[in-house]
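Take a look at the structures listed below.
Next come two complexes, and both contain chain A; in the first it sits with chain B, in the second with chain C.
Take a look at the complex of A and B:
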């Protein structure tokens, strides 16, 4: 019974094919571009990351790295108050991302599907890319003058009656850090969301209206599900950047709002490379968990790949 | 059918609409009776899609005297509040939903419970013979299947009026012909009113109860397919309906629905009058004759038979076209095209006159 199968194969296959060595047929089956990409990705991303993970199990004694594996560095992270910093970083990053999502989605919806003219669209998109050409520090430093005690913000708010006269500025507070990050990361969230929304076919929106859906139903049942890929990309980009934010907390937080990046920076200047490695590992792990969570959430709301299908057409 | 007793399902009076400086609809009026299959026929840019978008509410008319669906005025109302749905040319199926979810969409947004909506969706899919593919995703369907899903999605909510925007344009030849008869069958079995946009003369003539021929934002002619095909009321309608031979002249006299017309070279032609308006003596008129209605005879100087139109001519040799043969004939009134479906040996030796029946030529105001 098992011999009958090779028999039929021998009848079908020409002799030259049968003569080929097995590894040769195997090579022919490999998807070469994919294989090359995976190898390159492994060398460029996975190997350094593994190195970082390994390094986090060493420790520093009087500015020298001791290459004896131990959990001392990991323990020190949770002892030294750096864990609080991680929680604070996560809280600020999530708040900023949530605010960005609401602002950017509303803005993109107006720009992509509202009555904005072609010129307005082109101008707005061009203006959105301007920040990418300017250094983040120079963009952020101007807010110190505006948000500070002697800046125009307090007289303005006092004038409207929102704050009492003589109040201190919001500079060097979490408010200022949030504010600075929301300003800086808006294009990061808005551009992928805008592209996804503008790719939603207008006739699908017409069809939804025509079939009797209210504007709200069209938004929640057609526009949002179809722009989900851009929304998820925007969330990941913004969350990643917000967790790595360094300029805003140091310039607008003034040392009062310590985030992970400040922690890493201080470890780096103290030459404590294992601490650096442990913090980095922790961030990568947190981001990995977040990405996984998004994939799972995406699955709950239906096949995520089906929303990506829109991008193909 | 006594249509006078019934209220029209659709009434449009004096619709005007323009995009920038382009006038898309120029004082268009239309009445559609319940259960009718009406085709709106025209070239691209004739305003037919604009008319459809005005009815569905996807576009609001700049000026309109009356727009009523099922007797109720819908001027200014959004598409969601109009009792009509559209089958889009690109199908516009939601790519993130399955076939049955697409069909159930219109029911769900109306607050029908999910289970009931899906049950009705499957019923509608059965009408278009797609119940086996209810769970499929849209990407897995062929063009013809997408077309039928779009149709089911539109009629499942039982609108008073179903609007179809060139739904067959994207299909290949064979599928298009199958879908033509299927659409008519579905329309008959549902008893629904269909308004069907097309640029294909053949589709309009084979499927509809009435055809609305549009040109440059105006209604050129409205009538049953036979009337449009046999009695065009204008030069454009005659050309669009495929009359190959068009002559011009002046009306001398009219009598019993026929007109005596003098051509530029002085030849007198008697012709049936097309359309509804009578021709006045003294006005300029056009005459249209189909190539297959012209015949060659050898008159050899004798008078042509009575009751037919005759023009002396010099025929060219016949060109073989498979199912028929074609030839040109040069006459004092211009070059005429002749077509013969009767097989091989119909050559008349020394033919020198082209003739046609009075009944076969149509006259209309030029």
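Take a look at the complex of A and C:
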């Protein structure tokens, strides 16, 4: 209540007083750190982005940029199938992120709140960091030998009867790319989710049980809402990495699964900077729409900011 | 301001004094400096130094061999092999200020030559003694000249590329040297689903064009620099073949070429010749072969180009000595033996190997390379890595990848 008093006073202040010191009132009301941050953000993010948008209206001829505005580069994005590349990349990135979320949440829940001993927890977390010591291409290339037609997977699947004898294997397909990305990005999703779940106070879970909630109700009404910051961080990290995937589509997709990074690299080889600018513009626009949708959907399910209170503890 | 200039003068003077005293201390340098001789004379005592920048594999494994032969020392900075990167390095980073020789994959001369960033090669330079005897297909090729025929470089290494294959899987005699058709890559029912095709548009599009023009009997204006409408035709053909399941996979690195062959994942692959050599070391002699073709080859090459700034340097004679060394037998023989690369004047390499007591086997390999190059170069060749239609070729290639 005490905080609302100055507001009320400001509202009832005589207009003549406000008119005498309009700037002082205005300056006093500005949240300076926030304003500085917004200005810096505008200069560091929005201005370069506007530059990128402008650049997308130029084109490249014989390795040199022609600074005559035209729609040619934009037309080429659609004619060459690069627009489909964006959609394909988004589709694969979202699928991988969704699968990771389900796997990582279940795994983290077991690790953080299950009956695993401290030693098991410590060992599991240590094992999760092992992949970071090895280069991604070295890790991925091993799957080529396993998933290929002369690898051990095909005889195994044929033995179970899942695959026809003489099959060419799942290498060089979208399946293989999904598979490689899910393996590679698991720690990226799991680590933030695990930290968020382990921060959920056990007494809250006990209280929920004592009040007669079923395990499902405790999960959906206590654990999931309180672990949302970690889930959101995990989604953002995983989605970002999946959108930028480069090694898996090249090595496991056999060049047939053309994703954004490959397409960008190809444009760069002919120094087609305007194409890169147009692709960037499109992606930022699509992501902007998605984030907006995310926020709107999130609002329907309650106050997202309240979830972040868990971080204060 | 005045005070500042005085203090700057003092700083310069004291620096000069310091340098002079350091030189005096060095003893050997003291006399020429005191007599005020030109700086270049200082180098007369030791070998001249030439600074190179470019493709790592163009280097000798040990440059001291060259220093012993021609009295020039090489300081080489190696880089990857990407024309886009070369252009960026030379134009944006002003590398010509510090570099005497660029060794790049062909193509940059088309863009940097006419813009005055490269120094034209003086083919009459006294140090370039091997120029006259170097065959035209090397010294006047598009690797070292621009479209107008201006000489911007000296050939360093090169080859004519085709495809590797397993003779036994195609029912071919492994010892036969008959010319095969590129249809084995694109069209042959025997190889459907058993082909790997290189993912690099600059490499694969010209090869496809070479085959398509012989198939349809309608030649393209230039297979390596296709007009937009021609590129569309070639890509339509490739999309049709891709949909028919001709290609098992697309590869994008030398390591992948080796892996695909040595795992027997594919029967045919358009690849670099050293890949076949590597695979045969693993699978046995002649397990895979590199094709002689009916329609022609993709000719690639690395050239040595000079930045325009080098024209005013004191070591220009030494630079030309190195250019001449690239054409000579020692460099050729060592590059062929250590890296498996061919280049101009292979006969000089054979002579060098004989004079220096190389084994009969090594000499035979060099002779074989010489014979092979001569045979391949008698066929149609396509070559250039900076086509003027690069933008439309790259764009249409995306259509193939996305189809």
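FYI, the second predicted complex is superposed on the first by the 263 of 313 C-alpha atoms of A that agree within 3 Å, B and C clash if a C-alpha of one lies under 4 Å from a C-alpha of the other, contacts with A are read in each partner's own complex, and residues count from 1 in each chain.
Everything that follows uses one rule, which is that a residue touches a chain if its C-beta (ideal position, glycine included) is under 8 Å from a C-beta of that chain, and two chains touch if they have at least 3 such contacts.
Quick caveat: nothing in here was measured; it's all calculated off a predicted structure.
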Checklist entry - Should the pairing of chain B and chain C on chain A count as a clash or a fit in the superposition? => result fit
Next on the checklist: Per the contact definition in the header, classify A:212: touching chain B only (first), chain C only (second), both, or neither.
Outcome noted: first
Checklist entry - Does chain B (first) or chain C (second) touch A:225, or do both, or does neither? => result first
Checklist entry - Touch check for A:204: first (chain B), second (chain C), both, or neither? => result first
Checklist entry - When the two structures are overlaid on chain A, which partner does A:149 contact: first (chain B), second (chain C), both, or neither? => result second
Next on the checklist: Once the two complexes are aligned on chain A, which partner has more residues of chain A within touching range, chain B or chain C?
Outcome noted: C
Item to check | Which superposed partner A:268 touches (first chain B, second chain C, both, neither) | outcome: second
Next on the checklist: In the overlaid three-chain picture, which partner chain does A:250 touch, first (chain B) or second (chain C), both, or neither?
Outcome noted: second
Checklist entry - Between chain B and chain C, what is the tightest CA to CA spacing in Å in the combined model? => result 47
Checklist outcome for this item: The shared contact residues of chain A with chain B and chain C are none
Checklist outcome for this item: As the complex stands, chain A meets chain C at residues 59-64, 76, 79-82, 84-85, 141, 144-145, 148-150, 168, 171-172, 250-251, 254-256, 258, 262-263, 266-272, 275
Next on the checklist: So in the complex, the part of chain C that touches chain A is made up of which residues?
Outcome noted: 82-84, 87-88, 111, 193, 197, 199-202, 248-252, 256, 259, 263-265, 386, 388-391, 393-399, 401-403
Next on the checklist: With touch defined as at the start, can you tell me which chain B residues reach chain A in the complex?
Outcome noted: 56-58, 78-80, 85-86, 88, 90, 92-96, 105-106, 109-110, 137, 139, 153-154, 157
Checklist outcome for this item: Residue positions on chain A within touch of chain B in the complex are 201, 203-204, 206-214, 217, 221-222, 225-226, 302, 306-307, 309-310, 313
